[in-house]
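Before anything else, here's the structure in question.
Letters A, B, C and D name the chains as they come in the text, with residue numbers starting at 1 for each one.
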């Protein structure tokens, strides 16, 4: 059994935070095995911290530990915080349209145990990928989206996800989500965009990249916000291209980047390594 | 003595071009040592070719060779073409403001023989870098640019460059050139922009990159056209960054990318490896 | 129908080769759409060339074209050459043990049409991957290899491959092949080794890399020769690692590199882009 | 004035270390601005930690702080530890032979303030680089090394460095140092080797890389130990190469990698980011 717990903290920076947190954990029998912190500015900036600690020798229950932390530490430093436990992995819903590369990469890594979490469902507006998904033992739901049933389709998706999805992965899902749905899963919907954002927002970025004649094409994993392709960036990468490549070749090369970038972003989210602050992310990796 | 010559060809694609060119050169005693070609589309596309050949056994003078090529080959295929010779290297003028990193990288590589060409002058709108330039044995001209003397300053620069500059390198030159000057050196002015274009056009791209929270910062070498930062891209590269880095750190890391990207672009230009077609470049490297 | 043909040539360098080849093809109605060449030394070196040409307007059959080329061009330049046709793709046999990552990557890319060729079989010394292989519609053969049946097992494999395998991919196949088998498929067996060769030859290279404390781990695709892990290198790549990673993490990161490196090498082999010369490869990509 | 101090700790891992250290610092008015830690194994492994803290509000002198830390914290956890202060930067001696690229890169970065420390001298066994060094305002010492005066030459070097060198950079210094000198500067001599170690130990690694036909060439910065090219690796990087490049081209491309790899390693050493443990390094960067 994995006895790891993770504590994430965001608060105004001031002296004594590390001492207070580490001393609290030590006194309750928690052994810190990893600690990472970040300060935007030691004078009046924001402070971010991620700790991993081991729980076998805790002197209280998890519930009491959290209540005590809130009272003894969090309040005095005005902390925004949460503790998560490896024994309670996140539920994952994947939304996809027709492209299978990002989906299969996530499912394959997950099936090998490389992505902690439980893939509870794949939802698609097309039926094409049902067999591929079922081969992994994962439920597949076909929820068609037409011009005049968008609201009903989204209701159906939310119903499927209710209680079964802590994070939503858009593995090349080509429909735009409503603001209501985005707010319900704020900073919990991860999209893979097939360009190096903020270059080439919107449709067919590989064609845009070809037309512009760039020498690298990239991919960007980001949290979804209401402004299209503009949410906090989690991870990016690029691959070198040349004048020899047509848009179809850029798409082929780009797919490999998309797969890896999305997989890294998802892994970090599942391991609680990401803190969003404003429109930027702190990634403790 | 370097006996290499380079032939660059752009023409509509049709069968027989390679045979005609290679046969012509062979019959005149030119030995092809490198050949690279590119077709946008074998049916009705454009054809680009770069050959290197050795001249010691030419059976005619260079002038006659070129005249014969025009008559015997170029006309029938409607070629846009040129031949350059390693024994007649290009003259290079460098324009710079206050940042020394791109300038010194070019001068250092040039002084080691890594950049074929002759740096004939460095022109700056600031006097700061005079000693550094003179240490390389290169003439330095201080041409101040003020709000009300831009035209005269540019005239002075053009006068200095007349007959002494085949290519102009903007090694972080912070003044905008006039359309007249850009046209006079069309596709012969190389700028280094400190972002991965088309992301972060304009001023202070590292601050823009920081504000956006990107996970890679880059640099772009491109030919200058009248639309700011929008000319044909020659080369790009990126470096990974994290939330820990302030804009000042992005600038520091970015400088290393700028230096390398500009040096590669300049080298390829000096070796006649670049063909501009529309707003894109074919780089035979 | 893909009408592309590919001509690969190796011969002593001397003037006139390009002219002779291009003129020959032009006269027979072949339209050259790609040409790449390499010379180890223009004076007395070896010359390598790869052409792609289109066959719809050939004035003779393929057989006659090849016979004519042998007589009219190849003999006078002492060429080692071959022509292959996109309409006759290569048959591929994949050998694998228990690790599925390299195998699945190849099968997935192949099923999407990214790898020209026909996967005719997967042979494994373990039964574990049978279902995964059959899901792709590919025959799976379990050929156990024990200490005392190595020769019989190899005979069985050769029998399966006879007439059905132009190239053999070792997608993490953990048995050592006999010299006889290697010679029968000289420069047609591609192995993926999980290190940046020549560093970390032999067993458990990720443990070796960990023990040495390297800051990058890599993978190498190479042709198999009788000397273990020493054959001509086709492709390599690396990924950055840190002191935080245990050998198990290096393996996980390394798998991604292995998958991509092997896929690129296989693609280049299938497209006849690789020429072996001595213990090095010329890769026209 | 830079008020940053850095605390580096190595000790057996056990619960309570972070709490003890952070509480100690907090009680003495030190504000922690950065904290990084590493555990080889939470059960019985080694623990490494690097903290940065600000000193303006210390309630005791630096001397008393260190004495108190030794008594109150270090002893109970059997810590190997040190505190360094940004106001007391390290003295740097650079040893070089004839290649100037690594030397100039270090001097240029240092002159811009990118490398905290004081370059107190450059020592060379050749006189060639004297002017280049003096242009940076740095003393240059020519200490010839001949077959029969090695011991005297090293004595002369040690005499020059005594009290003036906290770290020694071998910026392509082609002489082998004696075991005595290496021990005197244990883990304080940084060498740049022009290959991706452990591949291509010894002389002319670019020729070795060419002969082997590798597709990437690299460079390695490491601490010098008595076994040639085998000391703890600090940093490595690679660049892609192809069959087209002769050994001279590999050298040219490799120089750029060497420059960057050495500069990063030196910066990390100067900022006390490196802990050596066995033959591996922990790099807190």
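Convention: a residue touches a chain if its C-beta (ideal position, glycine included) is under 8 Å from a C-beta of that chain, and two chains touch if they have at least 3 such contacts.
Because the structure is predicted, anything quoted here is derived from the model rather than measured.
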Set of chains adjacent to chain B and to chain C: A, D
Equivalent interface positions on chain C and chain D, same or different at half: same
Chain at maximum distance from chain B, centres defined as averaged CA atoms: A
Whole-Å gap separating chain B and chain D, where each centre is the average of the chain's CA atoms: 37
Distance between chain centroids, defined by C-alpha means - chain A, chain B (Å): 42
Overlap residues in chain D, where contacts from two or more other chains coincide: none
Chain A-touching residues of chain C, taken from the complex the two chains share: 104, 108, 114, 135, 252, 256, 260
Interfacial residue positions of chain B with respect to chain C in the complex: 15-16, 18-19, 22-23, 25-27, 29, 31-37, 39, 42, 54
Residues of chain C touching chain D in the complex: 38, 196-200, 212-216, 218, 232-238, 242-244, 279-283
